[in-house]
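Note that chain A is present in both complexes that follow, paired respectively with chain B and with chain C.
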Partner chain A sequence: MTMEVKPGRDMAVASRSRMALIRGEDLAAIVVFALLAVIPFVVSGYAVYILPQYMLLGVLAMSLAILWGYAGIVSFGQAAFFAIGAYALGLIMKYATLPVNVAYVGILAGMIGAALIAMIIGYFLFSAGVRSAYFVVATLALSIIVEQTVKSFSTITGGWNGLYVDRMTLTLGPFLEMSLFDDVPMYFTVLAVVIVAYLSVMTVMRSSFGKILVGVRENEDRMLALGFNVPAYKTLAFGLSGLLAGLAGALYATHASFAHPSNAGVLFSTQVVIWTAIGGRRSLLGAFAGAIIVASLSNALSAIKAIQNYWPLIQGLIFIAVIVLFREGLAGLIETIFRKRHHGRAT
Partner chain B sequence: MAVLLSTEHLTKRFRGLLANEDLSFTLAKGEVRCIIGPNGAGKTTFISMISGHLEPTAGRIWFRDQEITRYSVPRRAQIGIGRKFQTPSVFEGLSAFENLELASMRRAARSTQERKRAVDSILDTIRLSDRRDMPAQFLSHGQRQWLEIGLLLANEVELLLLDEPTAGMTAEETDATGKLVRHLASDRNLSVIIIEHDINFIRELNAPITVLHLGRMLCEGTFEEIAEDERVREVYLGTAAHA
Partner chain C sequence: METLVSVFADTLLITLVLALAAFGLAIIYGLIGVINMGHGAMLTLGAYFTWWSTRHGLPFAPSVLASAFTVGAVGLGFEHLIVRHFYNRPFDTLLLTWAFFLVATEMIKILFGTDFRNVTPPLDGAIDLGIYRIPAYKTLVGALSILLILGTAFVLFRTPLGVKIRAMVQNREVASLLGLNVARMYKLVFAFGAFTAGLAGGLIAPMYSVDPYMGNTFLVRSFFVVIVGGVGQLLAGTLFGSFAIGGLETVLALFSDQVIAQIAVFFIAVVILRFRPQGVFTGR
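So, the complex of A and B:
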């Protein structure tokens, strides 16, 4: 007899394959989104104001999970795409007069612009076979380039002072408009967009496209030897990631009424990596929740003077702990707990 | 018989080392061919030039009616050349089923059901039906070898390049591998080039043999012819000639 898997608990973990990713994620998603939908009815004030921003940071984390969790590509350039979305909307709302809703055009321009830039950069890097750490360095440079560009064109972008962005108005039909100036309509609009974005990305990731990305992550050389055009798939994944980050950035800018060069910065990009790792890079929902949880904690703890100074240090330690101990983050941890309990009941 | 693959004066030089020299080789459609030779004979180098993992220093490669000498690895896979590596290269974290499903995705299936059926039939062929949902990393070495052959089948290749497919297999598994290779050629009309060291396996396979030695082609023939050849006995079968 050759090597066999030990029976028992190991087997339960072992028999779980990577392609399935987080099972039961659908149920968890319903719980998370239902919870977010109920919050404005229960609390009011600051939480209702700030949560949509955190949800959009969650979408940004999801944009990294597509790359890191599925395709195995780490990017420190997510902030760059976020800022492209933010400034595209801000600048178009400020300077353009159009017969249609300028905010819609701005959001679309931000998404498409970010996706195109991602795909152009991705095409050259992936075709040249740039992988792992070298790709990380290239994406770090991208963050710096976008940040510096925004700072340099200060007459248009406001430079280091940032750019004021109006709260957008929803156009729901030829005669029906709704201002998102108030926080509650804004909250539900952002939540609706986030849910649609999550479902769309989930659908794409469950299609053969997503499975092919997992193949690239698991064994890129095997994929090439099976005739898959790996650089093209990676380029598309990077484009989709840019599209999502651009959407998050545009909505964030109109929600915060502000776009700032630091939205593109390396520091912010690093934050995205931390949220995604803590939440669970293999799970879109995990990354989304990771961003909301860590951002909320940051906010809550910064009010406490004693902890405030140590918070970046604490975050760093949590990040290291996740990388070393729970490679699949919170989502992976929760899944393991449920699996063990379920397995315990079954036997 | 129609020629599927041919090489003309194929040569590979690594700095000072001449790994392959002037190899002119033809393989017919539906043919199984064994390549044998002592360590360092240049067997894997030869396979690597056919799969596109190494670029020849000189010479040309033809597949069907196209010259493919400068084709990339993915492009060769797309026209039907599949390679099983010496160390099994599968998707470790994915189940046997998912491995094959993924390999089949290069071509569009009419429906998910159809793809599933095709994959299950391949699982049956490679004797992994009872390991369908087990991640590849928990399969035995021999099973991973089969899974990698299955990847090539799911990928619908026409020529399989098998680099030591029976390494790490039990006698019973080796036997099953021989049957599998014969099935591929006779029932599926696929062509196979096998690099092997296991003399019993080669004898059982009863396929034409090409002997390489120090990068050059020493001779070609049936197992009996090769076994009788003085030069082969000298360089390769010398110690195993009594077997």
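So, the complex of A and C:
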């Protein structure tokens, strides 16, 4: 028993500094979202058009950070859920006539559909103890399956030509009816949804559920021995991740006015892995910011002829550098800098 | 009768071609436990090098050999620079080899362009079996696939080098205590896996159109070959896995189109992965 006192004390110290860092992350989140809220007042034009798309890619990266950062599961199939969300909204808006706002139904259907499929696949695999690399391969196959399915049912989905999706209209009973055709209302709607999504996921991850997931990441066998139903928790985490990716996909489709089979593709799926790795796999905000930064950077650099063709290559090299040198990505880097300063003052 | 013979011949050929394509992955995963997500990119590299050298006047056979050696050298360089530092962190090797895929694909795009390329098959025509004509080039590739697998089997089970490799697979610590240079063995196996992938890429180049992402579906199919056949079951496992995946694809394609068949096969493979992650025939 006496042996355990020391690690216990270390844990207490660690958790105290962890608390400070959590507050730090809250502060960072406020800064990031405030910045995003101010941007439309400062600039106009293309940036206001494109940023909501990047924010939604950020939400997609967050959906992976839930898995990778908290539960220690890597999925190469996040794009599949994104595409399920996008096509659910697109198809429902195209074919359904309903007494309520079709877009709401479409978004909900996309989220729930993606979450359900994630949970079915998740439980199917997790209950047999499929882990790490095998899970990666299975989710990679899922991406290909969804992409090929969308492509081959071309009479309904438009196949390789993609599916046109209208900009949705925001309604609230008799009180409000606002088309999101213009970019500024669209911008703030997406930003509001993103903030709500971030806060909800953060709340879930700070609850005991999130702590159990961290336990699974750190030592799955011990969590099993402690009596936790590990496959069920992993399944729920995967479902939450699918829900978030489905939401991102649905809103992305209506923003871009387009859903495309490549939204489900392997390349897009791995792009999500890259964003999350660069932003910081352990941090929801890091993953979110990582996607926005990398996507903005690729957009800005693709305008420059000399770099254009080399950017994906550079991105691949950065990805290698992150895995070899900065495992926690940008968020980890910032955390270390702050921690060093903090320690510097303390001593 | 005719369909029966044609299905049989098609299945046999696709099995052998798939076995060839998957063999590099099976070697690296089975012998040193690295999931080489760059396997597909190595195939693509082999195909492009072959396309490039045949276009510059080199005959087909030396082109393929040169491509295989070049891809082997690339693999060796990648192993030496990066992979060898991560052997005790398997998941990081997966991510890093995936990064290899990203970087290699972009290099291909920059060096060779993004257009679809074609390599002229060195053998035209077909072999007439009376009721069915099988394509001559595919048959040659099938024969080479068998040769490669038998050759590897010979090295593994009949030479001192094979004894060392098998010792290393069985128990790394003891093998290294007995004076085996494990680091060099790993290097050799990784380079040989890359060489095999490059060879396969060059040989299958004339059968498909060559594009920067041609390796992608082969990567996933190769994985399923290895998983269905059983990890570490290099010879019979690879052949059986290829037979299961390729045969299923052929048979299903009879009743539906190619794409649906592939979706169905991936689906079935995921189910197999769930119930028999150690392969269909290997005991627990």
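Assume the second predicted complex is superposed on the first by the 323 of 347 C-alpha atoms of A that agree within 3 Å, B and C clash if a C-alpha of one lies under 4 Å from a C-alpha of the other, contacts with A are read in each partner's own complex, and residues count from 1 in each chain.
Note that contacts are C-beta pairs under 8 Å (C-beta built on N, C-alpha and C of every residue); 3 or more make two chains touch, one makes a residue touch a chain.
Since the structure is predicted, the reported quantities are computational estimates derived from the model, not experimental observations.
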Considering only the touch criterion stated at the top, classify A:224 as touching first (chain B), second (chain C), both, or neither. first
Could you tell me if A:48 is touching chain B, chain C, both of them or neither one (first, second, both, neither)? neither
Tell me the contact category for A:128 with respect to chain B and chain C: first, second, both or neither. second
Is A:65 contacted by the first partner chain B, the second partner chain C, both or neither? neither
Please name which positions on chain B make contact with chain A in the complex. 51, 53, 73-78, 82-83, 85, 89-95, 98, 101-103, 105-106, 133-135, 138, 140-143, 151, 155, 170
Sort out for me which residues of chain A touch chain C in the complex. 74, 124-125, 128, 130, 132-134, 136-138, 140-142, 144-145, 148-149, 151-152, 266-267, 270, 273-274, 277, 309-310, 312-313, 315-317, 319-320, 323-324
If we count contacts the way the header does, which residues on chain A are in touch with chain B in the complex? 2-5, 14-19, 208, 211-212, 214-215, 218-219, 221-222, 224-230
For the complex, give me every residue of chain C touching chain A. 35, 82, 85, 90-92, 94-96, 98-99, 102-103, 106-107, 109-110, 213, 216-217, 220, 223-224, 227, 257, 259-260, 262-263, 266-267, 269-270, 273-275, 277
